[in-house]
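Both complexes shown next keep chain A, but they swap its partner, so chain B is in the first and chain C is in the second.
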Partner chain A sequence: MSTAMDRQGVELLERLGKSGEGKSPQGCMQCGLCAASCPLGYAMEFPPRKLILQAESGNLEKVLASPSLWMCIGCYTCSLRCPRDIELTDGLWPALRDQSLQAGIQPPAELQETFQNLFKYGNNLGKSPRQRLDWAKDLDVRVLDLSKEPRPVDVLWLVGCYPSYYPRNQVVTRAFARILTELGVTWGVLGAKEKAVGECERMFGEEGLFETLVEENRKLLDKCEFQTLLTLDPHAFRALQKFYPQHGAWYPVKHYTTFLHERMEQLKPLVLKPVKATVTYHDNCCVGRRCESFDPPRELLGLIPGVELVEMERNRENSLCCGGGGGGMWLDAHIVAHGGHRLSDERIRQAAATGADTLAVSCPYELSRFEDAAKVTSLEGKLRVRDIIELLAESMDLGERNVS
Partner chain B sequence: MNIAVVLRQVPDLIEPLEVAGSGQALDWGAASFILNESDDHALEQALLLKEAGGGTVTVLALDFGEVDNTLYAAAAKGADRIIKLPMDQDTPPSPQAAAARFAEAIKPLSADLVLVGVQAHDELDGVLPPYLAAALTAPYAGVIRGVKAGPEAGTVTAFKEFPGAVMARLTVKLPAVLGILGADQPPRYVPVSRIRGAMKSTTFEEPEVAASVPESRVAVDKMYPPVSAAHAEMLSGGEDEVAAGIVKILAEKGIIK
Partner chain C sequence: MKHDETLRIGVYVCHCGTNIAGVLDVEALAHFAEGLPHVALARHYKYMCSDPGQELVKRDILEYNLNRIVVAACSPNLHEPTFRRAAEDAGLNRFLVQMANIREQVAWVTDDSTEAFTKAQAHLAAAIRRVAGHEALERQFVQIQPRAMVVGGGIAGIEAALTLAEAGKDVILVEREPTIGGHMAMFDKTFPTLDCAACILTPKMTAVKLHPFIKLLTYSTVESVEGSVGNYRVKVRRKPRYIDESLCVGCMMCIDGCVFTQAKFPNPFDQGLGKRKPVWIPFPQAVPPVPVVDPEVCLQIARGKCKQGCVTACGERNAFRFDQEEQIEEYTVGTIIVATGFKAFDPSVIPYYGYGRYPNVYTSLEVERLLNAGGPTAGKLTLRDGSTPKRVGIVHCVGSRDANFHPYCSRVCCMYSLKLAHLVKEKTGAEVFNCYIDVRAPGKSFEEFFNRVQDEGTQFIRGKVADITPANGDGAEGGGLIMNVDDTLLGTIRKIPVDMVILAVALEPQADASDVRRAFGISCSAEGFFLEKHPKLAPVNTANDGVFLAGACQGAKDIPDTVAQADAAAAKALALMDAGQIELEPNTAWVDEEMCSGCQTCISLCPFKAIRHDAERKIAVIDPALCKGCGTCVAACPSGAAKQHIFGDEQISEELEGLMNYV
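For the complex of A and B:
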């Protein structure tokens, strides 16, 4: 006899099939390409194809309670390789996680803290909202806080949580502020009023939290007048580009690599100082694999005199995820417990194998992930992790200075 | 079992605390607030007892310190009734005064068990739970780390941890007040969608409570940040430089010659 929970699995798949998000999961032919492509599939009790199989077979309860549910790091490899075009990353995983949360199953403890931080403080680090603009203290360029001084600007920069609070990221944030100013762009930020965009929360299946953040951000953004909404965070870019419109909120959003790439001609005469480095670039998953923007970051690096660009064996659409997306940033202990290692450790070894002395990144999570990985893998001092912004700023003579 | 749970909002320490102009109290207007951690455990313990043996959970809180979101979260977790006690001042009452008000609000509930966090980090002149027990003329046990149904009707079994790794199992006759340090499991996570649902569906009861408030015999003369009596010196530079710095400090202190 079929129970309510048995039926729920089929209903969930049917609902996803009608959502317009890729093809119906019920069309899955169990080819296993998703499981083989997933960087953590080897360690999952239920990789994507088995999630579908079990949900259809009336074993949803088992799926919802499995540690596998919290191992997807949102790299999009399974979705893009699925021959049936099933939207696994943006569709199936969040829906199952949501179902699990609604069933009262407790997510990993480290994740609960992140959720609570976001709900209470609007940032994932559990920091004071009043300190969100501390990165700009004593900065040598003017930072316009549009929440206090509203005015039309070319660029509204959503700075993001890590770039606002995390000391290592603040170096990049300040450099980007100088670059924007040097380019003659009028720009502003939302200061203490800014909230996390919430992409990872949606991927976590915490739809209510995501909706709350969308509502709060809309209230702020709709009051501002700007041509471009700019973010350093590929995950935020993805959320604003795809998920916000689903909630009726459309904004002209760009990731900074695209924004700067559009200004290559303007940058050329400014990028003068040689930066002697052999650089390998790590494609982030959201702007790279998902949005197929592979050349702009490389072309930006190519502008810098002295930079020699070398490729990792796994690059572009075949790039290995750093393990921080889809909420993986706050699931390291869970993933190591069930998967045995951090993907960032594996990835940095791949970077070192190229002979590069610098690993260039374009995502705020990757600085801390890869710098930690360098320590774990004894690569500290041999391979520097730097954001593209830092390399550009050094060449433009706009690097860290005059900051107390 | 009908359980009453007292929840208190306390200053959130992610913000630096500021002393008011009087120099005798915190600047409450500059503070942000969070649910007192051990009260969160008291709520969890109450929900676990209800899930195990039935009954109701009634949550009580003073209307102070951004309490509404805390109360909606409690409703989303499974509290049956929410009582928000109106305040006629914008500063928190003393623990004795708060206990007197909570006691008056709890009396009509005929609660079998009252659970409250064993302490709150902003309590100034004593802790609330024993005052509450006294006001209810109920027995009190504190520093409790887990509660289960008792060996016979009208009792609960409470577990208390003493320093030095000694546990005690207590049989507590009801009605009683227990000061909770930790619940049998960490406070549960409740999805935000449920909290949002509770915001739409929950009605707070807001009874006027008259309580005879004892006058505090403790007065604050001055509130101030601690004055540092010693300091750490961070040595920077290369290995040789740092080693030389250490040798110099040790010599200055007379530890080496």
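For the complex of A and C:
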């Protein structure tokens, strides 16, 4: 006997097949490459292949209610390896989560809190928009707030939520402001008006909330005149590069690693101070694996005198995710409670195994995740976690001590 | 076109059972045709291609003095020859027949019957207006040289060459490597019978060498192909061996005599696992049994200074020729069989399998060499450190059935993986784990072989292996490996410790397949294998007449299928050569001498090199035997001097008029 819910699974797969993203999930051959490639696949009741199998077999209800629906951390490994080219990360998972929310099933409590924060404050952290520019207090370079002083600039920098509010990230944010200024580009930010880009919300299946954010951000951005839209957050970059255009909002967006890499020649004479460090670089998933930008961050690190670059066993397209994407940032407890583990703990051990003393990152989530992981794994003090920006700034003598 | 009293067109609408009549009102269509200019009669009939159908046409031609025929039926690719012959039987020139394709182009692709009818009217009107302008043409024939070239000396080329030679035809067999034998010569055993590959292959190789009708050109490649069916002129580039083949007796003393006492250069025949000297031979039963000198590493050639131990060892034979140079030889042949084989997929592009990074991850072809008694370990299956593996993982579908690499199934990997599982177990007693997506064993005795390998204790795990990682996690040398795989039948993810991984790599087109394709004027299908003329009904023909395909260059296949296809290609080539002549397509281009200004625009554009410039008369001349009727010159000619039979301006414009103004 076929119920309405039975059909819904097949209809959802059919819809995805026609969405133009990858090939139809109905072409899945159940090879299991996704499940075994997924760093949390072992703990999932329904890894990607089983999501498809169950949805096709009329068991969509089971899938939507499963805790494993909230265990994908958006690392794209399954999507890129899938031998049938099915877009699992950007397509299947958000669609199922959307369906689950629409069916009135409660997502994990910690997610509900971030949704509410975003709704109320325009950021997942629940911080006041008035504190958006706190990071720039007493900064020795001028921060132009385009929402107050509109004027054409080379770069509109979407600072992002973590880089704006989180103290550890603010250090990086300030360093980047100095680097931008040192490079002679004119740049500005949106100040208190800035809002989250909404990548996580899309991955959570909060398509409606995401669309609202696109609309609000579009209104803001369309008022500004700029050549490049810059982000520190690879997830925001991904959303602006891929999902915003799907809603008619196209901007010339770049992740900071790409932006700086294009200015290597200009940076070369500026990185003079040796930074004595053995560095291993952790590829973030969105700019790395998904957009295959592996060399630019390494070449930036290679610029710095004194830096010795070593590779982890898993690197580049094979890199292991820190566990923070796709909403993972808020789901550690949920994932651990349902048999998973914190990927950042596993990853930092891999970094330590290289013998490096510094783990270089290029994503705002990773700083806090890996610093927490260092504590848990007793690597604190042995392995420093630093953003590429910090290393560059140190070498350019633009580090924190220069605050006037 | 003005009304011409003398034109009497007969129109025949075919039902094709329900293929056409199920969608179109064939009676109304015939009735529509009756009302068109020059139509003397119009009929509809259930199967026009049947004998009574053809008889109908013949009878009408005689009875009603018809001088043009239009058949509205299937694609002209299928039955145009049938109706041309019928017309000819009734005394009408065969080129006064035109087909309207109302099946493939109308009935099969148009759901709405009203729309379909309108479309069929247009096709029919176009054919009727067109055929009115047709003229009677002479059939033209070209002589076929009774000599064949076979390109590629693997099992496909060997088989085809032997079949042709046994039928008494001269054969030129061209092989790129220093020996014939191809991939089959690298294998240890063959599935499912476990015949020793060398035991069944080397007699055929020797037969090639001894056959008086076969001229064997090894270490040679095809440089260019000119001409067309019956008279191909092929230039062959012969690389220098630095040894005179006619003087060498294959004693191999030179290899012993070489000043390099140790073999230290990677042997490509052993997939680099074994070593060779600068003067070397791929394997002991190589044909011809003549060593070859690698000029890159031979001291005499590379540096001009060596004690020449090889020359001393050769002694009175005096076969060494360090000054030998590349040579181009030209051969004229009637037919060509392309049998250039496949390339094994290089798995180093898949980052998660660690090939090239972890020493004990091997390709299947490497393991074939390790298992082969003539290989680098004399048939002993060992890990890089010389120890015997105890647990071996075999990963199916590496590069096959994968949209990121090759979406197609390589057809032979399941079976060779089963064979390897058997051989590994037999030689080492190791535990073997075959990780597969589906086991495809559809050949004769294949399923039984699968069952046998199961019974021998090989474990089968249904799942595509994800990561292969070092057992100790940090990639240090010496450790074992872990295969990470979703056991999809068990529903759990398993981490299987092994000390050797064999990647069952895909078969892919040769790296230079597109150059070969261009040289022989043939096409490739999407994945890059050479394209047969028809997937079912012309599996060894190509779009280029007189050029045939055999073996894995046409698509991944096993040895029995390759041999069968090679014999089929040989038979097709024989049929052509024994007929002695072939009819040319009538739609060739010709030059109106009065109008040609001799600008030579057409000459460089002709893809078949069919046009030459007559310097004396200052005009272009088209060789009808070479012209394929593509029309490029006709479209390009600035003075309108290049014209084409059956595709004259008037014929085309009448056809278009018919299509657009059929009502």
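Points worth noting:
Throughout what follows, the second predicted complex is superposed on the first by the 399 of 404 C-alpha atoms of A that agree within 3 Å, B and C clash if a C-alpha of one lies under 4 Å from a C-alpha of the other, contacts with A are read in each partner's own complex, and residues count from 1 in each chain.
Heads up, the rule we're going with is that contacts are C-beta pairs under 8 Å (C-beta built on N, C-alpha and C of every residue); 3 or more make two chains touch, one makes a residue touch a chain.
Because the structure is predicted, anything quoted here is derived from the model rather than measured.
In this superposed model built on chain A, chain B and chain C occupy separate space and fit side by side. With chain A as vertex, the superposed Cα centres of chain B and chain C define an angle of 140 degrees, given in steps of 10.
Judged by the touch definition given at the top, the superposed model places A:Gly126 against chain B, while chain C stays out of reach. By the touch criterion stated above, A:Gly302 is placed in contact with neither chain B nor chain C.
Contact with chain C, but none with chain B, is seen for A:Cys31 once the two complexes are overlaid on the shared chain.
Using the contact criterion defined above for the overlaid structures, shared-chain residue A:Tyr42 touches chain C, although it does not reach chain B. Once the two complexes are overlaid on the shared chain, A:Pro152 sits clear of chain B and of chain C alike. Contacts of A:Arg316 after superposition on the shared chain: chain C is touched, whereas chain B is not.
Residue contacts after overlaying the shared chain place A:Gln102 against chain B, while chain C stays out of touching range.
Taking every C-alpha of chain B against every C-alpha of chain C after the fit on chain A, the minimum distance is 33 Å. Chain B contributes residues 14-15, 32, 34, 186, 188-189, 191-196 to its touches with chain A in the complex. The part of chain A that touches chain B in the complex is made up of residues 98, 101-102, 104, 106-107, 109, 112, 115-116, 119-121, 126-128, 130, 206-209, 211-212. Listing the residues of chain A that touch chain C in their complex gives 23, 29-37, 41-42, 47, 49-50, 80-85, 313, 316-318, 350, 353.
Taken together, the chain C residues at the contact with chain A in this complex read 351-352, 397, 401-404, 437-438, 462-467, 469-470, 473-475, 484-488, 491-493.
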